[in-house]
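Just below sit the structures, each encoded as structure tokens.
What follows is a pair of complexes built around chain A, which joins chain B in one and chain C in the other.
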Partner chain A sequence: MAVGDYALLIPLLPALAFVLTFFLGKKLPNGGAIIPIVAIATSFVISLLITLGLLQNPEQVINQSVTWFAMLNLGILVDPLAAVMLTMVTFVSLLIHIYSTGYMSHDRAQYRYFAVTSLFTASMLSLIISDNILQLFVSWELVGLCSYLLIGFWYQKPAAASAAKKAFLTTRIGDVMFLAGIVVLFSDLFRLYNGSIPEGVFILKFDEIFSQIPQLAAMSTPILGFQVNHLTLITLLFLGGAIGKSGQFPLHVWLPDAMEGPTTVSALIHAATMVTAGIYLVARTFPMFIAAPDSLMVVAYIGAFTAIFAATMGIVMNDMKRVLAYSTISQLGYMMLGLGLGAVIGAEAVGISMFHLINHAFFKALLFLCAGSVIHAVATHDMRQLGGVAKVMPITAATMIIGALALAGIGIPGTSIGFSGFFSKDAIIEAAFLFGENGGGWVLYALSIAAALLTSIYIFRLIFMTFFGKPRTAYGGHEAHASMTLPLSILAILSLVFGALTMERFNTFVSETFVNNFVHMDIPALAELGGYHLASHAGHEPLIILWMPVIVGIAGLLIAYLIYGLRVVNMDRLVSRTNPIYKLLYNRYYQNAILTNFLSIKVVYEGLAFAGRAVDTGFDWIVNWIGDVTIDTGDALRQLQTGVVQNYAMVVITGVSLLVILITVVMEVL
Partner chain B sequence: MDLMLFAPEITMVVTGLAVLLIGLFLPVESKKVLGYLASLGIIAALYLTIASLGTNALAFYDTLSVDALSQFFKIVFLVVALLFSIASIKYTEGSAHVEEFYVLAIFATIGMMFVASANDLMVLFVAFELASISTYVLAGFEKKNPQSLEAAMKYFLIGSLSGALMLFGITFLYGVTGTTSIPGIAASGAAIAASPIGIISVVLLIAGMGFKIALVPFHMWAPDTYQGAPPLVSALLAAGSKKMGIVAAFKVFIVALIALQVQWQIAFAVLAVITMTLGNVAALSQTSVKRMLAYSSLAQAGYITMAFVVLTPMALGGGILYALSHGFMKAGAFIATAAVVYMVLSGNKDAKDPDHIDNFKGLGQRMPVTALSMTIFVFALAGIPLTAGYMSKFVLFSSTIQAGFAWLAVIAIINSAISLFYYAKIVKYMYFLPTEGTKVSEPLPYTIALVVAVIGVLAIGFWPEPFIYWAMEAGKVLLAGGI
Partner chain C sequence: MIPIELYIGLSVVIFSIGLYGFMTQRNGVRMLMCVELMLNSANINLVAFSSYHGNLTGQVFVLYVIALAAAEAVVGFAILMSIFRTKDMIDLDKINILRW
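For the complex of A and B:
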């Protein structure tokens, strides 16, 4: 029996762990943490074996489907794209669960924590493993629910409760767009079949959707005077969902606030896994994107803009977790950009973007867990109160520095020496260069290089402020427990070597997903449909281009060292309320003022409230009238029910007579 | 002829007789074992029925048929009987008449099963009466409780009247066609259509079956009886015996009287609209939960009746699926109410109106499993997605629209919206109003029955495909005019 036959267990085991932990966890030591750990470890082993098997033989894609009802199905699909995601999610989730046994050991609601994190893991895995868009959407909503529950885990804190609500409502905007995309897609496919779908065809299954791409691309509808291609419409609606889930501009506002949850949750959900669901969605439906005119360009520009926009805000935050949150948004922007660059490099875009996704998952989870370890020990998030932590927490400091180097993308081009982030970020930036070279404009390249510089500055600012110099306040601290430092070390090793070890193999493996697996798509032909001009990608960039990302990375390190390490610049002048740039950044571009206070509260809420009051009075009257009449009728009917059995018999006989008359009369009329 | 065709019925008869005989020799305190015995027998019969799905045969001089329709409805009846029998283990505890209670329920179920198989109006009538008479007695099982006696009395009187009307209708049909066989009557359709007596016999048969289905205006007994009878018996009546009326009507009208299709479609269209509207509106202002559920089941019967009007394969499939779903949902809701009544009465033996909605206050804390199950049942009845109720409504209503009866679908959907008001009211009482008592331990038999019903409701909601398939198969039997 092949290991592939157990693929179904990957999401099922964590789901089972959720039920067990929820009901029994209270009575077990450590909130029953052992149950999810064992379940997720098993899922990890299965995923890993399947991935290794696929590497040997990419044709062994697992696709099992059963009819759900009518033309819909339930099923699992493990192709290279899904396999690497599954392995990453189970692995990171496993480490974070182990880490949580230490981190959450003082919390009385531990069992609730472990139950919800297992449910989250199960939903995330089922999102990845879905072989149809509807099942993916259901899991998509479930991970959103878990995120809500976990951000608001300490619901006694008003900040946590309101952050949970904000996250839920903001992502909802994206979810509605995603659902709208599915509805449009469904109705289009239904139309293509003229409403009669043959037995055994499941129209929302990915291979079925992909096989209809040319027909979908041929449909268009006028919207506001423009002829909108249906494929563009659908993909942009999907992108809307991805923007919400993956914290892209302008729906990124929820992600920094989401840091109110436990740090482990931030690491698991808001850095490594759930926020990448949006990227995964775009990658999963990549053949649709590349065949849709303009869609990939929107993806690329949103990604590049988000990357730099979030990085500028990361520089001025004083809360360690918020710096990392903005960093996550910025890196997700890179992944979006990577996918958007499919406009020039074709299917390889999926490879480089997923490569960055996986690397990012390792080093960002590492950074978050290190931050958690510091927070756990010294009980503050504020970097201004820290300094010199490296002395008390050497392991945490060392691993966090490795994470920072990986994020900044330090390495030597042309060799396989470098931290993991180096290889993937470099690939994306090089693709952006290729895009410019092919006449697509240099904006994307400029933005991505500038963002790389800023990335390096903000992360080393964090390192220098936290770990070096003299303690600025008297905090007590100690190195974390082994259950916490062990996952840190494992993640640090992966951040060190994963990129170098897998670089060559990974890109081809994942890029082949749509070419040579469960579907055989002709990507260049699809790109023609979308009007994109693919370039042959052969690393013949000038040497300076290859070195540029590393140069800006080191430059950022030096700048941070000069300012925050040696303190050659008087920060008080820069960091003052009179400096307009600082003010702008520190206030996060006044998003809160503009989006929340002005747009949400003044325009939408008060506007609606005013219109509501006017309309309400009218509607109230109508609704109350209907309600009153209905209930009065109900009361009157109660009077009819006399309880006297003779009356009942009379009603029966009357009924019979009336029916005979009625039928006769109607028959006469007919 | 193969006796094995009727293995489920034979199993039930043997179980019934065994329960009766063993009960005679058992002391009161060990009569609990009868409940287990009955449940096991029902499970065996259920297994045999499911195993026989797909069989097509006629037996006993073509008076009985085994096909997808009959087996599907037998499953409905057996499921309801099973839920009833498990929950009754607690209800009958300490009573000296356990064996009678079970035997009556089992015989009622046998009657229903034979109605499902009937291929001859005489067999149908006799089986109908077997079920009716058994349930008359069950409704009055609490001999010391005047409400229960009143319920039984009204049920019996109106039941006898309706039985007489139905027999009258059958007599007319026999007079015109010279046969009581259902396919035989269908064959002489032209004679019935030509005769003025046709319409009268249609209406008389509608009255007779409308009594069981509780169609307005033949429904007057139902609220009083459901409210007065022991709540578990109400479950059997609403979830089981109502479906017997439906399957009988399916056979008599769609197969035998297809020649008068237009005539009875007019009647059913009017009755469906009146029944669902009256049921929902009257349910709004009820304070007794049992009575509210009684009106709710009027409304549900109204929805199912739409299948007669639309009469497409999908609509019949929807109606038949609805019958199964309703079996789970309504039996579950009544059993949950029974658990509450049991809880109230075990606290205070002389409590007035133990099913008053005030007793549901804070139930979420007092009886968490019961409250959660009840929530699922009422949401399913209201038609919230991922429950059996939603799936059935979806199939039935969308087939109505497809067939061009949009007006009927609109009325039904408005009715569903109204119904949410009183269903949500129960949930509000259970979870949002302060509790007036402490947590009580929930009796295990009730809990098991509730969990089984919840599984049924959710299974149909999550995985409707096999259920829809068999419901459609059953519907095809009707449109093919029987075997």
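For the complex of A and C:
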């Protein structure tokens, strides 16, 4: 029996672990952490074996489907794209679970934590493994639910409860768009079949959708006076969902607030199970995006803008976790940019973007877990109160510096020496350069280089402020427990070598997903349909372009060292409320004021409240009127009941007498 | 033979006495006695018509009514007894605690 036959178990085991942990976890030591750990470890082994099998023989795609109802199906699909995601998610999730046994050991609701993280992992895995868009959507919503539960894990804290609500509602905006996209897609496909779908055709299955791309691209509807291509409409709606889930501008506001949950949850959300879902959605439907005019450009510009926008805010944050949160948003922007650059490099975009996603998962999980380790030990995440932590926590410091170097993308171009982030980020920036060279404009390249510089500055600012110099306040601390340092070391090793070891292989492997696999798409033909001009991607860029990302990375490191390590500049002048730029950045471009206070509270909330009050008044009046009339009538009628027997007898006698008279009269008349 | 009108006249007189007593008295025992009077006036009627028509059904019916009246008296007097024990009086117009 081939290992592929067990593919169904990958999402199923963590789901089972959720049930077991939820009901039995209270009685087991450590909140029953062992159940999800074993389940996810098994899932990881299965995914890894499937991935290795696929690497040897890419034709061995696993695709099993059963009818759900009518023309819809349930099924699993493991192609290279899904396989690498599955392996990454199970692996990172496994390490985070192991780490959590140490990190959460003082929490009394541990069983709830492990149950929900297990469900979180299960829903993400089922999202990845779906072979149709509807099943993907169902898992997508489950992921949203779990993120809500985990961000609000400490629901006693009002900040956590409101952050959970904010995350849920913000991503909901995206979810609604995604659902609208599915509805449009479904009705279009239904129309293409003239309403009669042959037996055995599942119209929302990915290969079925992809085979209809040319017909979809030919449909268009006038909206607000523009002829809108249906494929563009659908893909942009999908992109809306991805923007919400992956924290892209303008729906990124929930991600920094999501820090209210336990740090391990942040690691899980940022690295493995949540924000990557949006990127994965775009990657999964990439053939649709590349055949849709303008869609990829929207993806690219949103990504590039988010990358720089979030990076500028990351520079001024004082909360360690917030810096990392903005860093995640910024890096997700890079991934979006990478996918959008499919406009010039075709299917390879999926490869480089997923490569960055995987590398990012490793080093971001590492950075978060290190931050968690520091927070766990010193009980504060305000960097202004730290300093010199490296002396107390050498392992954490060393691993975190590796993570930072990977994030900043330090390496030597042209060789296979470098931290993992270097290879993937470089590939994206090079693609942006290629885009400019082919007449697409230099904005994307400029933004991505600038964002790379800022990335390096903010992450080394964090490193220097936290780990070096003299302690700024008296804090107690100690190196973390082995259950925590072990995952850190594993992730650090992967951040060091994963990129270098797998780069070429990985890119071709994943890029082939749509070309020569369970579907055989003609990507250049599709690009023609979308009006994109693909360029041949050869390494003929000038040397300076290859070195550019590394130069800005090292420049950022030096700047951070000069300012925060050697203190050559007096920071008090820069960091003050009178400096308008600092004020603008520190207040996060006033987006909180604009989006939360004005848009959501004033406009939406107050508007709804007003409308609600108006409706309420109307309904209240009717309901109260009915109530009042009933009460008054009853009040009047009950006066008849005197309780004196003679009165009742009198009424009876009068009645009988009247009846007798009436009958007599009637008889007379007749 | 006594004409049927006299029986009916007696019955009407007794019924009227019963009704008058029922309407005017406040004492529970008296009211029950008046109810008995009304029932028995109806019995007289039934027996009278039974013998007038030579049909025994009316007399059988009267036996039922007598049994019923006995049962009613048992229940009624039992209730009055317990009212008397708790309230030391049986004025029915003052027994109105279940009213609104």
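Just so it is clear, the second predicted complex is superposed on the first by the 605 of 670 C-alpha atoms of A that agree within 3 Å, B and C clash if a C-alpha of one lies under 4 Å from a C-alpha of the other, contacts with A are read in each partner's own complex, and residues count from 1 in each chain.
Quick note on the criterion: a contact is a pair of C-beta atoms (placed from the backbone, for glycine too) under 8 Å apart; a residue touches a chain by one contact, two chains touch by 3 or more.
On a predicted model such as this, the values are computed, not experimentally measured, just so you know.
Enquirer: Kindly classify A:T664 by the partners it touches after superposition: chain B alone (first), chain C alone (second), both, or neither?
Expert: First partner only.
Enquirer: Check the residue A:Q641 against both partner chains and state whether it touches chain B (first), chain C (second), both, or neither.
Expert: A:Q641: touches chain B and chain C.
Enquirer: Where does A:L566 make contact in the superposed view: on chain B (first), on chain C (second), on both, or on neither?
Expert: The answer is neither, since A:L566 touches no partner chain.
Enquirer: Go through the superposed model and pick first if A:T630 touches only chain B, second if only chain C, both, or neither.
Expert: first
Enquirer: Please work out whether A:A649 is in contact with chain B alone, chain C alone, both, or neither, and reply first, second, both or neither.
Expert: A:A649: touches chain B and chain C.
Enquirer: Give one of first, second, both or neither to describe whether A:T67 is in contact with chain B, with chain C, with both, or with none.
Expert: first
Enquirer: Looking at the overlay, does A:L169 come into contact with chain B only (first), chain C only (second), both, or neither?
Expert: In the superposed model, A:L169 contacts neither chain B nor chain C.
Enquirer: Which of the two, chain B or chain C, is in touch with more residues of chain A?
Expert: Touching more of chain A: B.
Enquirer: So which bits of chain A does chain B touch that chain C touches too?
Expert: 638, 641, 643, 645, 649
Enquirer: Which bits of chain B are touching chain A when the two form their complex?
Expert: 153-154, 157-158, 161-162, 165, 199-200, 202-204, 206-207, 211, 216-218, 220-221, 223-224, 262-263, 266-267, 270, 278, 281-285, 391, 418, 463-465, 468
Enquirer: Touching chain A in the complex: which residues of chain C?
Expert: Listed in rising order, the residues of chain C that touch chain A are 19, 22-24, 31, 92-93, 95-96, 98-100.
Enquirer: Any idea which chain A residues touch chain C in the complex?
Expert: Chain A reaches chain C through residues 638, 641-646, 649-650, 653.
Enquirer: So in the complex, which bits of chain A are touching chain B?
Expert: That would be residues 67-70, 630-631, 633-635, 637-638, 641, 643, 645, 647-649, 651-652, 654-656, 659-660, 662-664, 666-667, 670 of chain A.
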